[in-house]
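Given below, in the form of structure tokens, are the structures.
After this come two complexes, each holding chain A, first together with chain B and then together with chain C.
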Partner chain A sequence: MTATLPDRDTSSTRVARRHRLAERGIDRQLLLLAPALICVLALFVYPFAYGIGLSFQPAEGGVFGAYRAFFTDAYQRDTIATTLGLALPAAILNVAASVPIAYRMRGRFRGKRVLTTILVVPITLGTVLTAEGLLNYLGPTGWFNRTLMTIGLTDEPVRLTNNYWGVFFSLVITGFPFAFLLILSYLSGIDPTLDRAAATLGAGWWQRFHRITLPLLAPGLATTFCLTFVLAFSVFPSAVLVGDPAGTTRVISIAAYHAAYEVYDYPLGSAIAVIMGLVELAVVAVVLGLRSLLYTGSTGGKG
Partner chain B sequence: MKSRMTVGAWLVWGAVVFFFVHLAGVIFSVVVNSFGERWFDTWLPQGWTTKWYASAWNEFGLFQILIVTLEVALLVVAISLLVGVPASYILARRSFPGRRLIYLLFLLPILMPPITYGIPLATVLYKYGLAGHLAGVVLANLVPSIPFVILTMTPFIEQIDPSVERAARMCGARTGQVFVRILSPLLVPGILAASILVLVRTVGMFELTFLTAGPDSQTLVVALYYSMSAAGIRAQQSVDAMAVIYMASMLVLLVIALRFVNPTQLVARVKEDPE
Partner chain C sequence: MTTFQELRLDGVRRRFGGKDALTGLSLTIRRGEFIALLGPSGCGKSTALNCLAGLLPLTDGSIWQDGSRLDTLPPERRGFGMVFQSYALFPHLSVRKNISFGLQMRRLPRDEVRRRTDEAIKLVRLEEHARKLPGQLSGGQQQRVAIARAVVLEPSLVLMDEPLSNLDAKLRLEMRTEIRRLHQSLGLTTVYVTHDQEEALSLADRLVVLRDGRVEQIGTPEELHNRPANAHVADFMGYRNLLPMKVKAVHGDTVALDGSGLTLEGTPVGPVAPGDDVVAGIRPEDLRAGPHGVPVTVEVVEYQGRELAIEARTAEGVALFLRATERPSPGDRITVTADPSRVLVFP
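Our next item is the complex of A and B:
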């Protein structure tokens, strides 16, 4: 009897602790989360931490050698400006063009499903195929230049591939449908009775758009801009294929790839990847910060 | 005011038509070129042929590439579902300390450009000898796929009445039984949607596969990239034939996908009301 007493004691404290944890929402069922968490930790967090660690261990130049090498070399440093110069205008154009078009098409009309289906096509085709198509279509003897010359707008072909514009168009072709579909689904989440109530009170369409729809759309706009920007920021295949990868469209992902897999300078490659992530997160933070300055409160719709 | 509305409508429809005309130009110039005999300074090729498909099939070893693409896509779908569905169940149903942090952790891989984490990931995979093989490609593609399954599944799980599960538990079912006998049948639409979305994204995923694939583990889109960047060695039409094969397989996937999911779901997880 005396031998079993301490045994029962520990088991009862174990039960008590389990109860206390269960009250806070922790029990064995949470183990279902473990596989996914292990995958993300092993395949995302650990490599990232490893990359950050590697970026501080360059072959020469001390702890910050790789970062110093990046920022002192104008050829490398300018890739940030090049990438932003491509990604920001493309993302702004995609979102700005999507808003009026989606606003006009937010209601029900015949062929809406067909329209959205066609718009999904360029997203699924991806940048590699778009690049191939742009090379054919916008090239010196492609249909586009041929049409321009037939109409008589130009005498000689306009150069639109293997430079800034080729990459820009590829970003618009894959980015615009993406932005449009997102904004369309945000818009259809806004309660239409709000718009009708404003109309009853005598508001014109501009007032209704400006005072009712736009503020409610603001969170969705910020999210859309961020996702479109991330898509455009990671431009890699099209910058190589339809761009001028050694000059005007040498974006930061090309620099990172070049350092890691063509020069085999893994510290520099990791450092550039880290810088790329930081720049991207900085833009996202600015956009989300601006949004919280402009409007805070309930979105009214489902966001 | 009436006239301004119609001007606006004209502008909007004009912009849409403008976009579609150029989109069609981009797509059809690839298709036409792949069937063309010789096409230099004319509107259309001088003759039509299918020989480029035969040469693409043989030169690029397309059969092998298609098999690899299928293997990678199916493995990624299967693993990310097995891992992601239980996790999304917990995240949808339970509240516990650190839930927001874990949710953010699952969101990050979707918010970061693939190249950013792809380069350190590929470096780690090379260190352990996994990259350059099928295993490395599958592991790399799991990074965005698992979070994507979690995000796609959450609304489907939220729709299931928790009292159904409680009733099953009252009748003595264990967690495993609840999953297999109660939740899985109810979640079939969500699982189908998630698996098709992951399939489309994996087949189209360029960056991660590109960074981790070896010569015998290239998927279709990576093989297309390599054949394009080595243009000049092979006939342009042959590359275009391969592009058309890629396009056709993506369109087949898309048609299947659209039977199960809303077009907007291919872009993001947004609930849409039945209109």
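Our next item is the complex of A and C:
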């Protein structure tokens, strides 16, 4: 009896410790995280850190040499403004155009699935196919210009490709479905009874929209804006294919590509990539900061 | 306050996907009345309310407010207040702003909005919670906000869609009294949807019993309670014993019945003749254990405070629900009787 007691004590403390750890979420199930963790570390964290490290090791100019080179060269520095000039309007348009369409489509009606599919198809096409289509359709000898000239609206083709507008259209075509889908799901998360309650209180459709639906949707709009903005900011293929990559659409990703793979200045390429990330972060931080001022709680609906 | 002398529903009908959810609802609501629409789920009572509110267009029929046609107006122009089952409070607005929403929609002067909002908040005793968001309130408080939001506009008609169904039993009783008190003190006209007969009987001046989209009976609580028009209404009004029986003989106002292992005398609700198959409706409290009567076997005894609720079985195995003051044991054989005037015979 006396001999077994200490034994039992140690075993009970061991059980107790395991119990205490499990209560804090530490148990053997944590091992399930290992494969994902290894992938994230090996494929994301390490290359990311390596890139940042690389950006601080330029051939000349000290630790911040690559950054100094970027910001002192107006041709490089202006890519930030060029990219923002494309990505911000495109993201705003995508969000703004999605809201009325999603609002109209928030209920149930026949053919909703077909319509949603049509609106979402551009996501699956990819930027290159979209760019090819744009070149053929909006180009100087494309249908669009030929139609304009046939009906006598213009005497010479309107230039809509290989400039700012080509890239802008491409960003809208690929970004809109994404924004639309997100906003549609945010909208269906708002309890439709709220709209009806507002109606019985004497609010017309516009008042119901801007006093009830819009405030409840606004946090979702902010999130959607951030995501479409980040997508548009890293534009590369369409800036080259339907843009003017040497001039008006020389976006920041082109600058990074040029530095890294045409000049073989890896530190500068990495520095530009880091700057690109920081600009994105800054915009996202501003938008999410504004979002935190809004009501972000339950919106009554499901989803 | 825009008000009316009477509101008339004339053959109101609403179809959903080729099926009538509500049909042939004709009803005149007088000013100051409390009307309850009563029925099981899917009976069309919420459809009727939504049609009145303007949230559902009518398939057929019309709604008239005194001389003017109402069913062609959108909900925001009908001037009715509505309390939703889920309350439908605006989650991003404070209690005060929820309540003042309707007043602001009417573009009333700021002073008046403030004064009337204050009054409504005081009316439902939410002064301390006026700055909170709905999500921070309990169910009963949310319910009071919903009511205040609807009545602050002094609407000509208040529509309530099962407003108490999300509350616990104690709060439900409290709010029931509260709703009746507000109805009286504010001189409201109310249409109240519920599936709870006790709620409907205690609140309403008149009840409309619906089933499968049709009106089964319209009447005062007393009329429905004592004289249900048919077995379905009786079922809803607490006639728990609905026994299939046969008419043996008719003697003036009473009929002799036989069947389900019982012999009884009852009062016919419609024309009956000897040999007819009928349903006899008896409330558990009108079926008494006594020295004379039909022998039955006790199966379940439930203590209910003042009385005992008993489930018994007749010789033919038909279940009977009755009340007793003395406690029998399960398996005991007792005899039960009922006053013929309390046994309703539905053809």
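Please note the rule applied: the second predicted complex is superposed on the first by the 276 of 303 C-alpha atoms of A that agree within 3 Å, B and C clash if a C-alpha of one lies under 4 Å from a C-alpha of the other, contacts with A are read in each partner's own complex, and residues count from 1 in each chain.
We take it that a residue touches a chain if its C-beta (ideal position, glycine included) is under 8 Å from a C-beta of that chain, and two chains touch if they have at least 3 such contacts.
Just so it is clear, the model here is predicted, and its values are computed rather than measured.
*Asks:* Which of the two partners, first being chain B and second being chain C, lies in contact with A:L37: first, second, both, or neither?
*Replies:* First partner only.
*Asks:* On the A-aligned overlay, A:V114 touches which partner chain: chain B = first, chain C = second, or both, or neither?
*Replies:* neither
*Asks:* Now for A:G202: first (chain B), second (chain C), both, or neither, which partner does it touch?
*Replies:* Only chain C is touched by A:G202; chain B is not.
*Asks:* When the two structures are laid over each other on chain A, which of chain B and chain C touches more residues of chain A?
*Replies:* Of chain B and chain C, the partner in contact with more residues of chain A is B.
*Asks:* Have a look at where A:L293 lands relative to chain B and chain C in the superposition and call it first, second, both or neither.
*Replies:* A:L293 contacts neither chain B nor chain C.
*Asks:* Touch test for A:I151: chain B only (first), chain C only (second), both, or neither?
*Replies:* Neither partner.
*Asks:* Which partner does A:A74 contact after superposing on A: first (chain B), second (chain C), both, neither?
*Replies:* Neither: A:A74 stays clear of chain B and chain C.
*Asks:* Overlap the chain B and chain C contact sets on chain A and report the shared residues.
*Replies:* In chain A, positions 204 sit in both the chain B and chain C interfaces.
*Asks:* Of all residues in chain A, which touch chain C in the complex?
*Replies:* Touch residues, chain A against chain C: 191, 193-194, 196-204, 207, 211-212, 215-216, 294-295, 297-300.
*Asks:* Can you list the residues on chain C that touch chain A in the complex?
*Replies:* Going by the criterion above, the answer is residues 53-55, 74-82, 84, 86, 88-92, 101-102, 105-106, 133, 135, 149-150, 153, 159.
*Asks:* So in the complex, which bits of chain A are touching chain B?
*Replies:* By the definition above, chain A touches chain B via 24-26, 29-30, 32-33, 35-37, 39-40, 43-48, 50-52, 54, 97, 100-101, 104-105, 108, 113, 115-134, 136-137, 141-144, 146, 173, 176, 178, 181-182, 184-186, 188-189, 204-205, 226-227, 230, 233-234, 236-237, 240-241, 253, 256-257, 260-261, 266, 269-270, 272-273, 276-277, 280, 284, 302.
*Asks:* For a test of understanding, state which residues of chain B touch chain A in their complex under the given definition.
*Replies:* Residues in contact with chain A: 1, 5, 8-9, 11-12, 15-16, 19-20, 22-23, 25-27, 29-30, 33, 40-41, 43, 82-84, 86-87, 89-91, 94-97, 102, 105-106, 108-109, 111-117, 119-125, 139-140, 142-143, 146-147, 150, 175, 200, 204, 206-207, 210-211, 221, 224-225, 228-229, 239-240, 243, 246-247, 250-251, 253-254, 258, 263-264, 266-268, 270-273, 275.
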